[in-house]
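Quick notes on the structure that follows.
Every chain is named by a letter (A, B, C, D, E and F) in the order it is written, and numbering of its residues begins at 1.
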Amino acid sequence: MHVLRHAPHGTIYTYEGLEMILIMAAYEQDLSVVFIGDGVYALKKGQDTSGIGIKGFSKTFMALDGYDVEKLYIDSVSLAERGLTADDLVVDVEVLDAEEIGRLMKEQDVIIHH
Amino acid sequence: MLHTINKSPFEKNTFETCIRFVLPGDPLLFIEDGVYAVQSGNRFSPAIKRVLETNPVFALGPDLDARGITALSEGVESVDYDGFVALVEEHQVNSWF
Amino acid sequence: MKIGILLKEGPYNHQASDTAFKFAEAAIKKGHTVDAVFLYNDGVTNVTKLMDPPQDDRNIAARWSELSKKHGVEILACIAASKRRGISDDVLVEGSAITGLGTLTDIAIRNDRLVTFGD
Amino acid sequence: MLHTINKSPFEKNTFETCIRFVLPGDPLLFIEDGVYAVQSGNRFSPAIKRVLETNPVFALGPDLDARGITALSEGVESVDYDGFVALVEEHQVNSWF
Amino acid sequence: MHVLRHAPHGTIYTYEGLEMILIMAAYEQDLSVVFIGDGVYALKKGQDTSGIGIKGFSKTFMALDGYDVEKLYIDSVSLAERGLTADDLVVDVEVLDAEEIGRLMKEQDVIIHH
Amino acid sequence: MKIGILLKEGPYNHQASDTAFKFAEAAIKKGHTVDAVFLYNDGVTNVTKLMDPPQDDRNIAARWSELSKKHGVEILACIAASKRRGISDDVLVEGSAITGLGTLTDIAIRNDRLVTFGD
């Protein structure tokens, strides 16, 4: 399970996390991705990075489906306190509460935070 | 004195720390992940509203665009890098990160 | 038990590298196998042999190199992250290597634990 | 599942975020700057007390020593790197930073 | 003015900040140092870093006096919310409130956060 | 107006380097002099010529080098911070140099502004 917890662009963690997810998806079954905290911002619609000179990557999340990464989860509290709803996001993700995500984490052999 | 803040207020205490030391009248400029603070309707909107009662608040437009933030808290002004330089022309800089 | 380590920050600037090393040492001393340390993000800068800290300070690259020599721990830097940060074969400390992210998947699968250190 | 936390709770939201996802019974281990959370009598002591009602809480002794923290919140256990390894023997690891 | 805002050891910022302060003190008059947030932990008594393999430096703060760095200020709120008092610190520092520190900042030509 | 820049983080991992560059460009375009960019902490890794990012990405070291050539901006890495992180004269991109912290004092004194970018 990969946990994305950083906003995009301010640091590279989300971008390099996504690179890792894409490669690992080619090897692993059952890979899941969870968006917690500022990680939910990675999925925000309407990102245009041309002004900061950094390559955007929000559209790459739409491609995850093609890599058989279908388990995308997002923390409901993180979304709500940022004034966002599922409609603001570039992909369909399953909105879960913290306990549900905690239970999913508990089932994992490997968890990597980005 | 210009205060710049580049961290998301959700992740780090930079914003909350900075505003304790800002004197009335001095401008704040949110850059990089700091711009999430001025997105309208989030948990920090009331705090931004209070700051605006005494201080001008700016956010770097290219950073807002990069993050898909279109709705700003009322009273916050978007500036480009030129505007950033213009603020630095007028003020010494205190960069909070 | 077989343990893999994922290290996501560079040396000196963050304690992550020191904690990862101390953890690896302790695990080995307890009889476990530390299979590999995979370096990602700024973590790849842990293995540049050009680092030259003050004499009274630890040399972090040399320390990883030593761990590799003594205990057969693979010290592996992700190639994409390395290229971005100027880490190439020319500057690698002995015992370290550059590899792809596929190797991290192998490490995750073949070890009983993967322990991450980051910032 | 072992949850490790390496950030000061004053500076980053790591601790507050982590505890929302921890299930009852799972151990927490504070390392590096994370150990400031378990210093007795600071702003986070009540939160640590609440966590201790359902979960064992550990802090890495060498990190406590390095920071001059001698008084821990009651119920928090100090472990050395050996103890860290012992916790990893028993649990899969979820490293929060 | 140098502003120390990080806890020691977890990152190098405070240590390299101190290195900068020592060098600049040789060139500059009127150098001041302010401890805010986790920066106050840098002055905590009783630090013993032998167990983490990192060189300690809290005693170097005691040497600042010899470099004519005499203006050391600390934020009262940062100290209080960490359950610390001036007695817990390795050097004498002037405890100020946020407004006083804000006014000192306003007088500066250069402020560097570490 | 004369402006000095202090950059405290490495390339790619944090946006600080990008923002510092965009700010410097804008200041020069507005007719100001950007006197120097001083690199501290992990910031020293901005000037390794070994970095080799993907073709469709910016090359941050090359960009600083270009700025130096075109506009006479000094790109200076702190020697103590550089040694710790494996940045030596051998790997410096053209237009950059390694220097002591005394130079930062000079930069602070001789410029109207010192603007810091960090993490």
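Here, a contact is a pair of C-beta atoms (placed from the backbone, for glycine too) under 8 Å apart; a residue touches a chain by one contact, two chains touch by 3 or more.
Treat the numbers as computed from the prediction; the structure is a model and nothing was measured.
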| item | value |
| --- | --- |
| Co-neighbours of subunit F and subunit E - touch as defined | B, C |
| Far-end chain from subunit D, centres as C-alpha averages | F |
| Of B-F and A-F, whichever chain pair has more C-beta contact pairs | B-F |
| Chain whose average C-alpha position is farthest from subunit B's own | C |
| Mean-CA-position distance for subunit E and subunit D (Å) | 26 |
| Distance from subunit E to subunit B - Cα centre to Cα centre, in angstrom | 26 |
| Between subunit E and subunit C, distance of the C-alpha-averaged centres to the nearest whole Å | 32 |
| Distance from subunit E to subunit A - Cα centre to Cα centre, in angstrom | 38 |
| Sites on subunit F at which at least two other chains make contact | 12-13, 15, 19, 22, 41, 57, 80, 114, 116, 118-119 |
| Interface hub residues of subunit B, defined as touching at least two other chains | 6, 10-11, 13, 32-33, 62, 80, 92-93, 95, 97 |
| Subunit A, residues touching no fewer than two other chains | 9-12, 37, 52, 54, 109-111, 113 |
| Chain-level touch network, classified as line, ring, star, complete or other | other |
| Interchain contacts (touch definition) - all pairs | A-B, A-C, A-D, A-F, B-D, B-E, B-F, C-D, C-E, C-F, D-E, E-F |
| Subunit D residues within the subunit B interface of the complex | 10-13 |
| Subunit F residues within the subunit E interface of the complex | 6, 40-41, 80-81, 100-102, 104-106, 108-109, 114, 116, 118 |
| Sites on subunit A touched by subunit B in the complex | 6-11, 37-38, 41, 44-52, 54, 56, 58, 81-83 |
| For the subunit F and subunit C complex, residues of the former touching the latter | 10-13, 41-42, 45, 48-54, 57, 61, 80, 83-88, 90-91 |
| Subunit F contact footprint on subunit A (complex, rising order) | 9-12, 52-55 |
